[in-house]
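To start, the structure itself, in structure tokens.
In this document, chain identifiers A, B, C and D correspond to the written order of the chains, with residue numbering beginning at 1 in each.
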Amino acid sequence: MYDDLKSEVCQANLELSKRGLVTYSWGNVSGIDRQNGVVAIKPSGVAYDQLTKDNIVLVDMEGKVVDGNLRPSSDTPTHLELYRAFEGIGGVCHTHSTYATMWAQACREIPCLGTTHADHFHGPVPVTDEMQADEIASDYELNTGRLIVRRFRELDALHLPVVLVANHGPFTWGSSPADAVQQAVILEQVAEMAYGTLMLNPGQGQISAALQAKHFLRKHGKDAYYGQENGE
Amino acid sequence: MYDDLKSEVCQANLELSKRGLVTYSWGNVSGIDRQNGVVAIKPSGVAYDQLTKDNIVLVDMEGKVVDGNLRPSSDTPTHLELYRAFEGIGGVCHTHSTYATMWAQACREIPCLGTTHADHFHGPVPVTDEMQADEIASDYELNTGRLIVRRFRELDALHLPVVLVANHGPFTWGSSPADAVQQAVILEQVAEMAYGTLMLNPGQGQISAALQAKHFLRKHGKDAYYGQENGE
Amino acid sequence: MYDDLKSEVCQANLELSKRGLVTYSWGNVSGIDRQNGVVAIKPSGVAYDQLTKDNIVLVDMEGKVVDGNLRPSSDTPTHLELYRAFEGIGGVCHTHSTYATMWAQACREIPCLGTTHADHFHGPVPVTDEMQADEIASDYELNTGRLIVRRFRELDALHLPVVLVANHGPFTWGSSPADAVQQAVILEQVAEMAYGTLMLNPGQGQISAALQAKHFLRKHGKDAYYGQENGE
Amino acid sequence: MYDDLKSEVCQANLELSKRGLVTYSWGNVSGIDRQNGVVAIKPSGVAYDQLTKDNIVLVDMEGKVVDGNLRPSSDTPTHLELYRAFEGIGGVCHTHSTYATMWAQACREIPCLGTTHADHFHGPVPVTDEMQADEIASDYELNTGRLIVRRFRELDALHLPVVLVANHGPFTWGSSPADAVQQAVILEQVAEMAYGTLMLNPGQGQISAALQAKHFLRKHGKDAYYGQENGE
């Protein structure tokens, strides 16, 4: 049951490992079947070299396991909160990738310093508020999701599919589990380039709004002309 | 038709990927047949692991597709402008390689800080002006080419086959597609070394004109004596 | 004799090499059989590609060789001191891994700047005092062990299985040789992230005590709920 | 003729490439047969993947080719000057490895900031003077060698087998071509660690003379006790 979804989620998790974004069992990817309200996610604490389609866990929208012998990722409540809030998304990904985590730990948003960033993310990569003691004390993972959603109150999650949780690391999402992983790979590259840019020129400001819009719209929306599938 | 050119361009694009200078479908290499006014270039948005000789696109000097079922790279007008302006070149390469892009995003030229740089590039690696809103609004990719050409008004493109487009990333060129890629690899290495040099010694100035000339002329021109082919 | 222990220690040493934490013959891992008071350790100066189970050396708690034709690691007295002081540990690991060594050479403890750190280490990674001339002059390696133990007088070695020896590099330990190596891998990652965090934000302080405790206790102790084995 | 020497030099050059210290044809290693006054060296401009024992070039102590169809490395006069000045050495190596070159370009010596450095190099890694215009104008490569030798007037080349040529990069040497390459690998690692140490703590001073001596003498001289071959 849900074989394709499990397979897709398993492949996306393995891709994280292949791309060098995770160490040991860190990180997790999920995917959703919106019609049936079912989410497939990596089991907790399982190393990538032992991950197969058959130990992917299925949970319902309240986080109850509906299939699988293992516990789901401890970050499952965060994923579910994102699926509830961002209706257009099909996959969620969480890593502790090196450069994105540096920015998250520094509690700094990543400014849009170049076209690599503008090609993929429409605006600076936001960082959440720091979590308060009472939010940590109970429902920690759910509150992590709420923190993200709160940060996006005035942002468009579909055009900015990435966030840095302060003191923690990145979450990304996309149309599918594979797409969510791709955003994580791009975020890591953008984070590294932005790091070096500010080392070379600490006062460097964001690129112009015109250049940001131009690059984002080359790749997204009805007038996109990058790639083989967009535009008429 | 143009089988050798397509093959050469395909190989050069794959080399970019093998050398770790590109992520996903980013970057592109082209080559020119000057006699027939035909340019072969990577198709837009195609990932390197799916690239074969047969999906390389041929365009004429106005950018019209003359062979191939796919759209050419969206950066094609930039390549064409460089071929028109720099008559001695046979290949053009564009990447978002990590360290070269950091410098481009920092809008700083790379000073000649050592003999590795001097061996290959005759002078600092120039950075273009930032693009104006009207240049972005229409013919953006063509204007990117014009920006580069303008920056080279008083520079010798054959002895300095590299440029940083401000807020964007590097373009390189050479006698062939493979040579253009080689310049991109060397630029990335030079950019990383220059980065670290300035971290260790922010006030470090360029090496002497005498040392710059010595190293460049060891490898280039009629009195070159590096390698097996130069000299009398 | 002690075949399993030798095998375990050999595998753990090879894992160090596979994870890229060591160059040439640098670094060493040991394991202990507490019942018999026997420690298995890497031979001195042997490169990892020549290491087999059969050249692992067995020593007693005074460092006398009880099995093996090679000399044990010159750091053996440090390992023995740690086994004597920290009764709950089963393996010890020493490396000169790049980022952890940078911190050790800078004589700075690694503050807890994020949840990656908090997940694994309960508090900042401590750095020892610098060694005095008389401690260097005789019993240097034993004194290195004593220096570490002194630093842990008020720390819990089981919840903080890592230390930076000032001017030198990291030692880590764990329930087994494999666990000690895993702590070394995690420490290197944490050290790199902390480095970049402080480059981006030199004034960044530690995360809150509440967040530190939350993450550590997600993975450790009776209320842990990360992974498949913890909890009720 | 000189088959063993050629083979040894070829292997050492290939090791440079395998260790990631060179790009394209950069860098070169030589070895000497002191009895016959013959030096074997990499041919100029040949890429590592095309290097075989048979294209290693033999020259005499004046740099005249005595065997081989290719030109020797353009750096041959530097190597010969080192062999003449440092009588105990059997191999010389030159690279543009990333971190060592950063220090050379920054014209800064590498202070002894930790035991990794002290284990291998007896004192800071020296940097030469910058070269004067007249030294560049003629006999450039020979003058590079003289610059190094001048820097070692009061240093012991056998205990400090590494130097940074200002504005250029490292030269290393050793008892054999393989040993010279090993010093280059260690220098690169030491250079990277020292770089990060000073980023974390710009005022960090050298480790004590006592600690420097202790580590160097653990591995070198009659009282050495590291490894399997030293000591009584």
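By our rule, contacts are C-beta pairs under 8 Å (C-beta built on N, C-alpha and C of every residue); 3 or more make two chains touch, one makes a residue touch a chain.
This one's a predicted model, so the numbers in the text were calculated from it and none came from an experiment.
**Student:** Using the touch definition from the top, how many steps at minimum link subunit A to subunit D?
**Tutor:** Shortest path length, in steps: 2.
**Student:** Provide the labels of all chains in contact with subunit A and in contact with subunit C.
**Tutor:** For subunit A paired with subunit C, there are no chains in contact with each.
**Student:** Rotating subunit C so that its CA atoms sit on those of subunit D: what angle is that, to a multiple of 5 degrees?
**Tutor:** 90
**Student:** Could you check if the interface between copies subunit B and subunit D is built from the same residues on both sides, meaning over half shared, or from different ones?
**Tutor:** Mostly different residues form this interface, as fewer than half of the numbers used are common to both chains.
**Student:** Determine, using the mean of C-alpha atoms as each chain's centre, which chain is farthest from subunit B.
**Tutor:** Looking at centroid distances, C is the chain farthest away.
**Student:** Averaging over Cα atoms per chain, report the distance between subunit A and subunit B in Å.
**Tutor:** Each chain's C-alpha centroid was found; their separation is 33 Å.
**Student:** With chain centres defined as C-alpha means, what is the inter-centre distance between subunit B and subunit C in Å?
**Tutor:** 46
**Student:** Which subunit A residues sit where two or more other chains touch them?
**Tutor:** Expected reply: 199.
**Student:** Write out all the pairs of touching chains, ordered by chain label.
**Tutor:** Chains touch in the following pairs: A-B, A-C, B-D, C-D.
**Student:** For a test of understanding, state which residues of subunit B touch subunit A in their complex under the given definition.
**Tutor:** Answer in residue numbers: 23-26, 43-46, 70-71, 74, 96, 98-99, 101-108, 130-131, 133, 136-137, 140, 167-169, 195, 198-199.
**Student:** Please output the residues of subunit C touching subunit A within their complex, sorted ascending.
**Tutor:** 113-116, 182, 185-186, 189, 192-194, 196-197, 199-201, 204, 207-208, 210-211, 214, 218, 225-229
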